[in-house]
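In what follows, structures are represented as structure tokens.
One chain, chain A, appears in both complexes that follow, with chain B as partner in the first and chain C in the second.
What follows is the complex of A and B.
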């Protein structure tokens, strides 16, 4: 049976079409959500189907997830991104017990039972400082493309210690560092450390159990992965497809019925 | 009557009482002894109203990073007709922020303010209770001064109003306890949001008025089969078979105001909140004042009541939670705190360890903009419990 998972996130909309008989993803698509999640969800979904030569009728089940999951009105049902992410990541990483997900709008830590069900989760969704938006905001202030962050931070010899994690305050702090000729890579590495510390502090509210898997758009950033390992003090692996965890999980949820 | 958010009609009821000469005395915390205010002839009115605007207004007096409830409480004195109708205010030094609130209000409002100092630790020592009882005696005199009721020098004539007040409020608590058991039934015959509504009524209107309402409400819920005050107060017990489709939850945390009922309604779309440990919910009516010398018994009641998280030691709070979890077959805890509410925020770690149940943390203020995120958290928590 074919099922589709659509994750309407704050930054990107992701679609995964999954074939349960062959146990593989037959098509995926990622596109910016933009300001019109309703139209965009439908559009990205159609594009994904068209790319795979499928019509909506070929899909047994369509499951929507993500913060704007309600806007995918054509979906048969919805599931929260917490359950979807847990389901998707666990399928890729069967040994995973802790998921760290840093997305555009929020960050979350999900603890799984040995069997792979959600045991507990904590979320930060009221403050940009613990999210990917924090890095994007600072990237704009620095005039450095966010894609370069991972690579640049790897060159840092001496990451700066940021005293403020409020996005607005951090910006002015960083601008004064720039004015003081502090090397760009040290600033960026410092940012990663600050964000990692923040997320790890949130994770410590639960009990972090290995294997730890890092997912969400921010997991594409190598510098963040390194900072997270250091802050947590345990091995952290990157999700197989950091952008697609929730969409894949939603597609899997569609086959479970 | 089942609307807790103060409607113009409900407001009129209080205005009528006031026009008839009743003094209205406001209070915030469950540690303020309502019996004493009531015995003096005044009406104790619980102040548990807050919204975004009043919180923002209060920031000028407290700080931006102060407890949203305390900020809103300052703001309400300039925007809420209920607060402006008060003739007096009783404060108690519970959490630090309440103390700051008292200091700010003392400067800001024109009505008389009485400050109580609850002993900081809950360990029973004779001198603590004696001192606390003395304070309540002073409160009684203060309230009598406000109402103009003649002060009698001790003796039976002074005790009688106190004894009556105890009986009146105990009756209200008893009725609420019976109604409360209905929400633990399968299926629930009463929602948690309705219990919070009822408590809001009972802490705002005189006991003689709410008693009749509560009885009607009970009769309505039970099909009139039992009288709420019947000799055998055997409310239905929770059934043994618990359906998995509606998880049974307990709510704990900071004060919940009338405007927070949106949260309760969101949870109740898919789950039952069968118990709570909130001061505007079950913790208000879970115990009774015992028989005996009235002032001493009132003092003991407030000293010993199931504590707010700020008190130490607070083992009684955990005993209370564990008992409810067992009796009402609770499967998960929704832990709602206010931003900067240190007492309840700091308790979370211990709560997780002690209760051994999944906990959903919700930290917030009175801003309604994050409805979608709130929904995601609640839904994910329920998906997890199923």
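What follows is the complex of A and C.
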């Protein structure tokens, strides 16, 4: 049976088509969500199906997830990204008990039961501090592509200590550091440390149990992975497909019905 | 006069459906409901089509779902009418007394004086949420209380506007062991708008000796209140009048307790109406006698529903406890829409819900009721009653909704969440709630949806 999971996130829309008999993802697609999530969800879904030579009729179940999950009106059902991420990541990483998910607008820590169900979760508060958009905002302020952050932070010799993670105040502070000729590498590494500390403080509201898996778009940033390991003091692995965990979990949820 | 009207089978209805229901109620029945009874003047009718609430600004109500009984219509009509009622009280020469900060006991004293109407400006915190307007919050911000403080700052905005309630004849403000944000509201009111009679509130006693001393302290404070009210009204308070005031307050508290049991155990009334009922124990929406009628009408409706086996929420709905009232009432509608129901609540007003002992000297009994207040002691003591009900009614999860900016929420919510987890071993969702917008924000929706998914997966 084929099922589709569509994760309409704040930054990207992700689609996974999953074949439960072969237990494999047969097609995936990732594209920016933009300002029209309803249209984009349909478009990205159609493109994914077309790329795999499939029509909507070939799919047994379509499950939507993500912050704009209600926008995917063509889906048969919806599930929150917390449940979907837990399902997807656990399938890829059977030993996983703790998931750290830093996405565009949210960061979440999800604790799983030994059987893989959601036991508890925490999310960031309403402001952007502690999310991927924080890094993107600062990347724009620094004029450095976000994709370079991981590599640059690895060259840091003396990460700066930021006094605030408020996006607005951090921007002001960073501009002062730039004016004081502080190296970009040290600023970026400092940012990673500050963000990691914030997320780890949130994680400690739960009991962090290994294996810990890092997912979400920010998990593609090697510097963040290193900073998280350091702040948490335990091994942290990157999810097999950091962008696709929730969409994959939604597709799996489609096979369970 | 016997008027033939029977409620439709119990269910929650949308605002538009609710308006249609109103049209079916006979005019003669509508005519029966007046505030300030036994007054029957035409100006005191308060049962109007729900659409009227939206026309006069309570636009947020259009997003909620309501109980479809006549008693619930009566409840909402009465609550929405409070501002008018207070101005009318002034016109008919009643003394309008603002009581602030203690959430319950002072209103019992004031209402014991014939011709006095007590109201809590604190309760104007509710206004921005029904009105879909930030005018009171913005006004408070102008005066120095911005987003970093609790929504109760709306009361400051209301004092500044001089148009939400008449300028009170007397303002009595409880301070001391109470909400920090609200103490700031009181200070600003005292500094800008009115003389204030201050009442010191002690913390919760930890032993009998302290209880005795604190009760005596409160009795002395309340005697100052009696003197001020006697000066205002020209009436000397007697023990008989005070005892009668206590009995009338207890009548409402008892009815409310019965309603809570019926609603939270048997699912016969929605959580939204129940929150409004619980808050009614603070100040009776400025009319104790008619509020008694409203609550007892609801109680009869609830009892009939139980007898008939009618419910407004399914029996197999997820059973939730809820701590601290949600700043956006839409959340209560939302969780019921998503297949959950409330079984236990702690809305920070325990002192307004406990029965006042009728065998003690009256002032001492009122003082003792204040020492049961939610916010004057530890979180553990605050939660004792809540936990008992949550266990009895087999709550499957608990929501702790903080008021964004509320200092006690910022400090206490996580403590409460951890304590409940340790005591009940059930999941707890803790988050801050912002004032209503056009819809529930996506992050809040995700939190609630995921929490309900989690609870469902545990069944």
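Assume the second predicted complex is superposed on the first by the 256 of 257 C-alpha atoms of A that agree within 3 Å, B and C clash if a C-alpha of one lies under 4 Å from a C-alpha of the other, contacts with A are read in each partner's own complex, and residues count from 1 in each chain.
Criterion: a contact is a pair of C-beta atoms (placed from the backbone, for glycine too) under 8 Å apart; a residue touches a chain by one contact, two chains touch by 3 or more.
What you see is a predicted model; the values in this text were computed from it and never measured.
Visitor: For the overlay on chain A, clash or fit between chain B and chain C?
Guide: clash
Visitor: Given the touch rule stated above, what does A:200 touch, chain B (first), chain C (second), both, or neither?
Guide: In the superposition, A:200 touches no partner, neither chain B nor chain C.
Visitor: Quick one: classify A:106 as touching chain B (first), chain C (second), both or neither.
Guide: both
Visitor: Is A:117 in contact with chain B, with chain C, with both, or with neither (first, second, both, neither)?
Guide: After superposition on chain A, A:117 lies in contact with both partners, chain B and chain C.
Visitor: A:67 contacts which: chain B (first), chain C (second), both, neither?
Guide: Once the two structures are laid over each other on A, A:67 reaches both partners.
Visitor: What residues on chain A does chain C touch that chain B touches too?
Guide: 67-68, 79-83, 106, 117-121, 123, 125-126, 205
Visitor: Would you tell me which residues of chain B are touching chain A in their complex?
Guide: Where chain B meets chain A, its residues are 348-349, 358-359, 361, 363-364, 370, 372-373, 376-377, 379-381, 383-384.
Visitor: Under the stated contact criterion, what part of chain A meets chain C in this complex?
Guide: Per the stated touch rule, the residues are 67-68, 79-83, 105-106, 117-121, 123, 125-126, 205.
Visitor: Within the complex, which stretch of chain C touches chain A?
Guide: 414, 427, 431-432, 434, 441-443, 446-447, 449-450, 453-454, 457-458
Visitor: Which stretch or stretches of chain A touch chain B in the complex?
Guide: 67-68, 79-83, 106, 117-123, 125-126, 205
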